[in-house]
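By letter and in written order, the chains are A, B, C and D; residue numbering begins at 1 in each of them.
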Amino acid sequence: MHDKEKDLISAFLRGSVDRRGLLKGLGTMGITAATAGTLMNMMSTNAQAADFDWKKHSGKSLKLLLNKHPYADAMIANLQNFKDLTGIDVKYDVFPEDVYFDKVTAALSSGSTEYDAFMTGAYMTWTYGPAGWITDLKEWINDPEKTNPNYAWNDFLPGVKNSCAWNGIPGGALGSEDAKQWCIPWAFEQNNITYNREMFDKAGVQVPGNIDEMIATSAKLQKDIGGIYGIGVRGSRSWATIHPGFLSGYANFNQKDLNVSADGKLSAAMNTAESKAYHTKWVQMIQESGPKDWSTYTWYQVGTDLGAGASAMIFDADCLGYFMNGGDNKMAGKLSYAAFTANPEAKASTPNIWIWSLAMSNFSKDKDATWYFLQWASGPEHALFGATKMDFVDPVRQSIWKDEMFREKLNKKYPGYVEMFDASAAGASIKFTPQPLFFDVTTEWASTLQKMVAKEVPIDEGLDQLAQSIDRQLKEAGLG
Amino acid sequence: MTTLELRNIVKRYKTNTVLDDLSLDVANGETLVLFGPSGAGKTVLLRLVAGVIDPDEGKILIGGEDMTDVDAEHRGIGMAFQNFALFPHMSAHDNIASPLTATRSSADAIKSGVGKVAKLLKIDHVLSHHPKALSNGQKQRTALARALAGSPPLLLLDDPLRNVDAKLRFEMRLELPRLLASQGATVVYVTQDYKEAMALGDRIAVMANGKIRQIGTPEEIYNAPADIGIASLFGDPTINLLDVTPQKDIEGVYVEISKVRVALPGMPDSVAGQSCVIGIRPESISFAKDTAKGAVPIEVEAETPLNEKTVTLVLTVGKREVLVSRPAGTPGPVSGPAHIVIDGRTAFLFDKASGALIRKAGTAQQGVAA
Amino acid sequence: MLPYVLSLPALLVCIGILIPFVTAVIYSFQRYRLSQPWSRQFNWGENYYNFLFNDPGFWNTLKISLLYAGITVTLELLLGLGIALLLQKRSRVNNFISIMLLLPLMIAPALAALMWKLMTNPGFGILSYLANQVGLQNFRWASSPDTALLTVVLVDIWVYTPFIMILLLAGLRSLPTQPFEAAALDGVPRTFVFFRITLPMLTPYILTATLFRLLDSIQQFDIIYAMTQGGPGNALTVFQVEAYLNFFQSTNVGRSAALMVILWAITYLLSNIFIKNWLRLRERARGEA
Amino acid sequence: METTSTLEKSLRFLALSLVVIFFMFPIFWIFLMSFQTNETILQIPPSIVFTPTLSNYAALITGKLTTSAGTLDIAFMRNLGNSVFLSVTSVALSLVLGVPAAYAFARHKFRGSEDIAFTLLSFRFAPPLLVLLPLTQYFQWLGLSDTYFGLIWVYQLICLPLILWIVRGYFEDISADVEYAYRIAGHSWFATFRKIALPLAGPGIAAAGLLAFIFAWNNFVFALVLASADKQPVTVGALAFVTSSGIQYGQIASAIVLSVTPTLALALYAQRYLVEGLSLGAVKG
């Protein structure tokens, strides 16, 4: 490496040159952005090594359990840097998403010492944490001996960070004082609108501003374009149906899944008048403009349809829309993004979020070494690498969102994405009440929605039955 | 050659006793025929001797040696099965060779051994065929050849002629005694055919319900059947059985058939007044003029030629059916009323209640009535 | 001695599996949620009690499972028998067709279901397109409560009929020829031959095929879960789907184990009946031979 | 047999055609999909006209999969190898264990034999999920998790009962006298088993083995729960094409085609046994 380049990158890492300056400088030296990325990684590894004993656990070996996911691929692509930096060997098992969480549950419930760390969603830690399968990471984060000074825990988006922290008490607020940090957010997904610009232009419609407009716009799109349906949302009999668009809009009306009484008892909260009104609209929207076989839809069908031009928009994970705008998708390059505020009276959107995070197995044989990996994988350098070089959307660090190169990359290929993020990031958090019956409640909720859409049960009655059944199960579990 | 002794053999299947405290001796070089209806236990007995099933009680001695707990392959036995039991995936040659391969004979010894027995049984031209390609007769001969190939001292033949056609059976019945004699083996032969039993057996053991009812030479069994059952098993056409009550006068014991007196010389006086069954072989009855002594009036019902005999079904006055047999070619009435004469000397009397033979006074105890 | 020696290794291998089975039965008598480890305790069969008196979902599960098994096995049996009769004559073409018909069985049911889901997609699905062409404009396949069962049954039939077909075909071809020749000579009507000769002789085969199918069908998971995850509503929440969700998602081990112990009891009962009949029929067939 | 009328012939032909269409059309469609990209598969309305591509197969075989979210590494060929290894060894072990046991049940009506046979069958209907959780724990203790040995053991749950019960039928159909004859001829019990019983039940063993092979091949829950990624069978591997950035139908289709090939080859090879061989017994009385 030429010294000039080295100096320039070091300067950037010290913060004395901004990113644009760095790129300009490297550009004049005839170095492409790709090479720049590699250079930067090597340099940042050096920088990390400077102020912290990264080699403390050299010679040890870790094993990870990973989901087949772009985030895991980004990490694997960069993994050599970690090995060089720490001298720790890392092996990993990758399982398909369809069966990934089954694998995690099986491995953890048997107390397997095979894996030291694994990918998870925040909802899952509501089981894993109380079950004693994962470690509260606060102790490590707060220990300067064990955490490198550049880690910058405060750089994490607060809503996201807090969504991964829970005190373990059913109904306890996420991110409370006594909360345990069950996992470290890695990347997250806000649920907003991704739409097909061409179709919107052709039908002459605007991005909907609230749920009523969404119903009308979807219907108009479906009618005017022909051969497509208006809006893609999930509908399978699973928690996955509740947590994206549906709950984001629901929360925008200040509705909750469960009530927590003063003495800590939980009870169903989805049979309020407002909730019933929202459900009515949601069901109407699916009946009028949703996919015909909605009740089998999970993320990949929602995404596939948008990418193949079978639907005009989706109210789902932003990153799903992001991926559909590239690759061999027919509609690649034709998609745009927008935040969505379902409640006409709400000021901003309040997306519920899905957080891909990293957790430490309680059965890990060497937690300190594992923490080295976790802090590296969730550290600023890898985050930047993932965000700029790979498809690490949405990054969880505020600094990345301020990064010019990242914003530029998004703006060029993903119109509206940055604005969408900026508009809703503040309100983005997990809107569910953390409690161990999360999957029971959401599965039954999805099942009830299916019945309502199929007109097997009226909305009022369905929600009352749902609330009743959930109350019963909560009581049975000693929570209600 | 060897001897076979069975001592108090009991074999049960669940609650069903198939062999009930059965004992039997077969002498050196003897051919013993086990005869009886199906279900009598003959085949089970044979398999016990072969060693493929084990008795619940009792002992099996071969050549004086206790073989009860010895495995089948070490008993030195040759056996032919009723269904032939050829190995379907082996050629006739390999089938026949199987006792020889077991003793690890040399290839030449096997070849000549198989050739010899195949020639004896006239199947040397089909040795390369698989059982599927053999005719029924060839299969039967192959099965026999296989049993003989190892020159076993004890040969067990389980109704080997059962599944072949009449012509073949007739041929084999003539051929077998010579064949068995040439082997010089001790033979136990199972059959349901009384003619086979008579033709082949040095002695015949009659079995029924897991017991031996009678054992003796063919003549003894024919001439002094131990009970009604045995009497009706031997003889073709079957013996005539009529309910009678013997009476006695100064001339001796007699019975009345259609009010005609038939004398039973030699019968003990004690039978008089006892409920009995008289057994008369069809050949002991002949047609006669009405004037003949002891002529019994009858009505001729039907006539059937049967090989070398002619069998006539007649009805007595009391409408009892009686079979009459005469050598083919001799004249006799074809229909209508006629008369018959019954030879009381060759008739048997059985106790009606027990079915047991009532022996003539002074005759020696013949055979065993078990 | 010998028979014990022969069957012992197989038995030992299986007993290794019996131990976890017993453990699972113990779980089914516990209040046992992985997410609430502190509340784990023996609960005197409360899981079972709840099924009977507190849990409308359970009765639905029982009903759907039996219905599903009943429908699929009956239809597959009829269809499999029909196809076997069509292919009964020995010929190269028939042999080739019968092997090719095994193809659906060779595809993992979960993947087969994924493909069916695509083929019944209202937009891209060839089957939806064809249904449209013949006038079934609004046929919603697995996504409508009215047709979900039908659709999943259809996929089950597609996958598993070949299993029954191949067993029955082998059975048909092994029947002795004499009775049929005799019947043909006597000019006995063919329906009579079929019902009075073919069917009775084929019964042991039918029983075995049905038994294995029934056991698998009442435990169906792959196809149903991949097609509908038990939905829409609670239209297809069969035992295994419920137990799976209870175990892997809700981590309610006690309830999951209790559900499966009941499922096991049902299959135990059914197979007991079948095997008794099978043994009886075998014995009878042996007696006749 | 009586002669069949033309009408009946055409009806039979029609029925057979319908059967073939029903069972083969989805296969045919999957086969076509395996030569297409998502772009042509996801057309409205679906179309049979497309430019075939080998990219799916290339991706599977080279292990490089290009999606909208970049290039993914996939281990499909390794999965395929695992499936072959697991299925072959499991069925082989099942045969080694099951055939002698089947012979024992068929030939020796010993005390409790029916109960033992039934117990062995009952493992077939214990829902796999039921034993899975305790099994993972026991395997953990025994050090059997994540070993091929452990997996092959658990696969016996699928293979053994099937083989036991089908092969048993075949043994029972062999006339006992044939075996007696061989023993009386002077051969040991084992020689008789090897030279008489095994060859005669051969077709049945082959057929049962093939069916067991198919069921082992199609299983995935055991390997998923009990082993790490490098031991996963093709059924788990194929699910990798359901990616978070969309579902790769073309690759799934070609994965199905590739995964079916070994089984189909085996079935065609054993064709004689499958359609004729079962004829000796399977279930015959």
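Quick notes
Just so we're on the same page, a contact is a pair of C-beta atoms (placed from the backbone, for glycine too) under 8 Å apart; a residue touches a chain by one contact, two chains touch by 3 or more.
Only a predicted model underlies this, so the values are computations on that prediction, with no experimental measurement involved.
The interface holding more C-beta pairs in contact, when C-D is weighed against A-D, is C-D.
The most distant chain from chain B is A, comparing centres defined as mean Cα coordinates. Annotation: 16 Å between the Cα-based centres of chain C and chain D. Here the spacing of chain A and chain C, counted between their Cα centres, is 39 Å.
Each chain gets one centre point, the mean of its Cα atoms, and the points for chain A and chain B are 93 Å apart. Multi-chain contact residues of chain C (touching two or more other chains): 123-124, 247.
In chain D, 42-44, 132-133, 189, 220, 239, 242 are the positions where the chain touches two or more neighbouring chains simultaneously.
Within chain A, residues 102, 106, 109, 301, 308, 310 each touch two or more of the remaining chains. Chain pairs that touch one another: A-C, A-D, B-D, C-D. By the touch criterion stated above, chain D contacts chain C in their complex at residues 1-2, 12, 15-16, 19-20, 22-24, 26-27, 29-30, 33, 41-46, 97-98, 100-101, 103-105, 107-108, 110, 113-114, 116, 118-127, 129-135, 138, 153-154, 156-157, 160, 162, 164-166, 169, 172, 189, 207, 211, 214, 217-218, 220, 234-235, 238-239, 242, 249, 252-253, 255-256, 259-260, 263-264, 267-268, 271, 274-285. Across the complex, chain C meets chain D through its residues 2-4, 6-7, 9-11, 13-14, 16-21, 23-24, 27, 82-83, 86-87, 90, 95-112, 114-116, 118-119, 123-126, 129, 158, 161-163, 166-167, 169-171, 173-174, 180-181, 184, 190, 204-205, 207-209, 212, 215, 219, 221, 239-240, 243-244, 247, 253, 256-257, 260-261, 263-264, 267-268, 271-272, 275, 278-279, 281-286, 289. The touching residues of chain D, when paired with chain B in their complex, are 175-178, 180-189, 191, 196, 199-200. Taken together, the chain C residues at the contact with chain A in this complex read 33-37, 39, 50, 54, 117, 120-124, 140-145, 227-234, 245, 247-252.
Residue ranges of chain B in contact with chain D, taken from their complex: 47, 50-52, 71-75, 77-79, 81, 83, 85-89, 98-99, 101-103, 146, 150.
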